[in-house]
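My questions all concern the structure below.
Chain IDs A, B and C follow the sequence of writing; residue 1 opens each chain.
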Amino acid sequence: METFVFSVLNGVTYGLLLFMLSSGLTLIFSMMGVLNFAHASFYMLGAYFAFTIGAATGFWVALFLAPVLVGLIGAAVERWGLRKVHTNGHVAELLFTFGLAYLIEEIVKIVWGKLSIPYKIPPLLDGPAFTLWGTDYPAYRVFMLAVSITMLVALFLLLKKTRAGLIIQAALTHPAMVGHLGHNVPKIFMTVFGIGCGLAGLAGVIGGNYLVTDPSMAYAMGPIVFVVVVIGGMGSLAGAFVASLLIGLLQTFAVAVDATFFDLFGWAGLGAMTEVGRISISSLAPMLPFLLLVLILMIRPRGLMGDREF
Amino acid sequence: MTDTALSPALGPTRSAQFRDRVLPFLAFAAVLVAIPAFGPSRTWLTLFNSMGINIVFALSYTMLLGRAGLLSFGHAVYFGLGGYLAMHLMAAIPEGVWGVAGVFALPVVGFAGGAVAGAVIGWPSCRRAGIPFAMISLGIAELVASAAFIFVSVFGGEEGISGDRMKWFDPIAIGGLEIDFTMGPLGDVYWFIAFWTFLATVLMYAFTRTPLGRMSEAVRDNPERAAFVGYNPQQVRYLVFIAAGGFAGVGGGMAAVNFEIFTPENLSLAPSGFVLLMAYIGGIRYFAGPILGAVVLTWMQSSFSAYTEAWLLYLGLLFIVIVMFAPDGLAGVVARLAKGVTAPGAAPRLGRWAGRTVAALVALTGVVVLVEVAVRWSGGYGETFEPFGLPLPADEPITWVLVGVPIALGLTLLRLAATGDEP
Amino acid sequence: MNSAMNSAVTPAIEIRGLTKNFGQAEIIRGVDLTIAPGERHAIIGPNGAGKSTLFNLVSGMFKPTAGEVRLHGERISGLPPYAVNRRGLSRSFQVSSVFTNMTVRENVRCGVLWSMGQKYAFWKSVRASRAVQERTAEILAMVGLTDKADLPAALLPYADQRTLEIAITIAGGPSVVMLDEPTAGMSHSETARAVALIRAATAAKTLLIVEHDMGVVFGLADRISVLCYGEIIATGTPEEIRGDPRVREAYLGDEAGLEAAQ
């Protein structure tokens, strides 16, 4: 029971963090057709910016400044980089963002060094929030939950209640139509790209000190975000939300399972000490999302809730 | 009927074919044969051997990205699986003359390994092109790399597996000619690499001239149309995928013999990304492009990394510049340059190009100073960047002048040149 | 040719109760159509009548919601495009759909390869088969593109691209040719040349053509079907169609077109 409740809590926290990353990517991908390979790099920039800004101003100012800064960089990248490549097609755009991811990682290594940096949880939140069955639950995770949910609500309101949100929603499902409505498509693209990157930056600010802040954090997170977007489906923020929680819970539970292949398939004659028998379920946890990615693309290319195939 | 009589109706003349298709390969062979005559050092030989492997690998990648229009983020899987198969067989090969011959033939085994892996993995991958294909290749690359770390008995865990290419034997004489070729010394390995690089290059070129090779380009340009001339686009992609996997495996087999070690890293995302860079920077629309890319990047990898810690940053910059401004790659630049020299009105055009090159170089100077100063500043060892004996510490204004002025000047000049071109 | 409704002959194309829905929208509603071997049949109709959808259904690009299509008696509805093509039905596209990065000759050769049994061969040069080379040259000569054979297709002028489109379509020697607005966007003289080409290229073949230019339709077709809101409202010889009151009604806004044909 105890493990279960904590796993659910951790899974949801991780899942919401994933959603913060993947919501931006889904917006960008569905509207512009750009599968932004560098999306997780903006997540990384968020964490590093928060570390540097936070050193001068404290965590709470950095919580706002860092995502804005990342968003501005994202908008600039769209304006002066991606837009130029756009005419050469989606594969060229993918290659551009691939190169960008490469570049950002190298720049981070040069500016902040190759090792992880001591980006710490603010002292205020560095304690238990509550105690269940004698185990402390960290306050910072509650804070992460709160930020994620706030962001979720804000995004929802932005999309449902504002004019810009309505245009974005229309562009999500019918990207070709928006131009006919007389809207400045390049500007919308730039804004959405900026907002998407800003959200990734926010995820970095609150995720970097929870997980780890090092130059490989983008590389570790990037493919998983793709998985979420693909599983969720093209054009569907709701799908991305479900997929984020699914992946979050799946990975958290897989890590918590203390079984090996022998425990599962021993009845079929699999030896406990054979190479396959010794594989533990928890060691497979990092592989599960990719297995899902490949299976979804093979079996259901539109994802869980997508309105069209890729 | 002679070929020349038919030529206006049936295609290029025999002499044109010789000039465009045979001559470049003869020149390539001549270069390969001539290299040892210069008595290259061990460092150079090592570099040449790596280049050969990368040429084959990059060419095989271009079969996918350039010819069939399939963007793969996991091509190293086939390189690695072919290489691993070759490693395992190398261990099983007995000592002796035939052992040496067996080691020499290992790239064939690599081909088989890569092709079989391609046949298995390609089946679910090739149903869609574009972004879904790219994503599946990424997912599969992650899965295979993770699996490789788990199955220690096959892949050797973190350390990988190592082998010994030297199948020792007493020198034998055939018809008075003493054979002393043991695959041990680097010079012997050079001939091995040169042989397979040339053969694989010829075969991959020949592939582009076959019905399947031509149709793979047709499917890239217009899959719908290809279906309406009787070809199943998925089937075309699948067969090309198998072939590309096989030739990547040849590269893997060559690497197994050359490096005598293979680790799960060899089939992970990092080498998959590097082969993408080599092929794309070289130019995927030209057959010689990936060869150029492999040579340049392998050389950069070995020489730049000695000069600067930031060589990967320069590589990333180069890639982005190519994607943005020269999507045909270095080969495209060379081809345009050649055309620009021969076409009428060469002088003013070359003048414009020279001006732009100078402007770009000026901006590049600023970028290099910035990067090098930053690298030393963050290194934290109190080192200073001293180009030509001029110390440039991070806290001196002169440094920032040397960063800002060239970048601003270069970009302004480039912009002026661009607007000057507009009619 | 006109009275080719002889039941003893297997029709080249037989469409029965063909229906296609996109979501709620019924685009094709129960089309029946029989085309005899060697017939030149035109489909006309106002914009949005479903002509292109009908083409896509017959050629295998879309799967029908209901009904079937038979080619020389064999059911082809539901087969993928390449399988339909291998059975002898070839089509062109309304928007030029050529292999832009290849030369004109290579484009035509791509159309020839499968029909000459080259399949997915990877062990021989594409130039190894003399038959393929000669057939390619023959097609190029027939459509008059021989002197442009080694130009990249992307550099051809518009009318030549349309010609190349037809050349690729007939290259494989199909028994049934479907042309989707082959003269769209052409000048008067270009259209005349294109009609002569279509006549020559589809001699002794069955032709199914969608065309807006009524002059072309009435000059070329043995029989005409009028498609309106997904249904065929009339089928007959050009004279019959000209005199049909329902057709006049359907074309009310397009009266000028019909008059031009008369």
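Assume contacts are C-beta pairs under 8 Å (C-beta built on N, C-alpha and C of every residue); 3 or more make two chains touch, one makes a residue touch a chain.
Note that this is a predicted model, so its numbers are computed, not measured.
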Problem - Innermost chain by mean C-alpha position - result: B
Fill in the blank from the handout: Taking each chain's centre as the mean of its CA atoms, the one lying farthest from the centre of chain A is chain C
Problem - Rounded Å distance between chain A and chain B, as computed from the means of their C-alpha atoms - result: 32
Fill in the blank from the handout: Note: chain C sits from chain B at a C-alpha centroid distance in Å of 44
Completion exercise
Taking each chain's mean CA coordinate, chain A and chain C are separated, in whole Å, by 49
Practice task
Name the residues of chain A that each touch 2 or more other chains.
Solution key: none
Practice task
Sort out for me which residues of chain C touch chain B in the complex.
Solution key: 59, 61, 80-82, 85-86, 90-91, 93, 97-102, 105-106, 109-111, 113-115, 118-127, 133-134, 136-137, 140-141, 146, 150, 168-169, 171-172
Completion exercise
In the complex, the residues of chain A that touch chain B are 35, 81, 84-85, 88, 90-92, 94-96, 98-100, 102-103, 106-107, 110-113, 219, 223, 226-227, 230, 275, 279, 283, 286-287, 290-291, 293-294, 297-298, 301, 309-310
Problem - Complex interface listing, chain B residues touching chain A - result: 69, 71, 124, 127-128, 130-132, 134-136, 138-140, 142-143, 146-147, 150-153, 269, 273, 276, 280, 309-310, 312-313, 315-317, 319-320, 323-324, 327, 371, 374-375, 378, 380
Handout entry: Touch list for chain B against partner chain C, complex
Key = 8-12, 206-207, 209-215, 217-218, 220-222, 224-233, 235-236, 239, 243
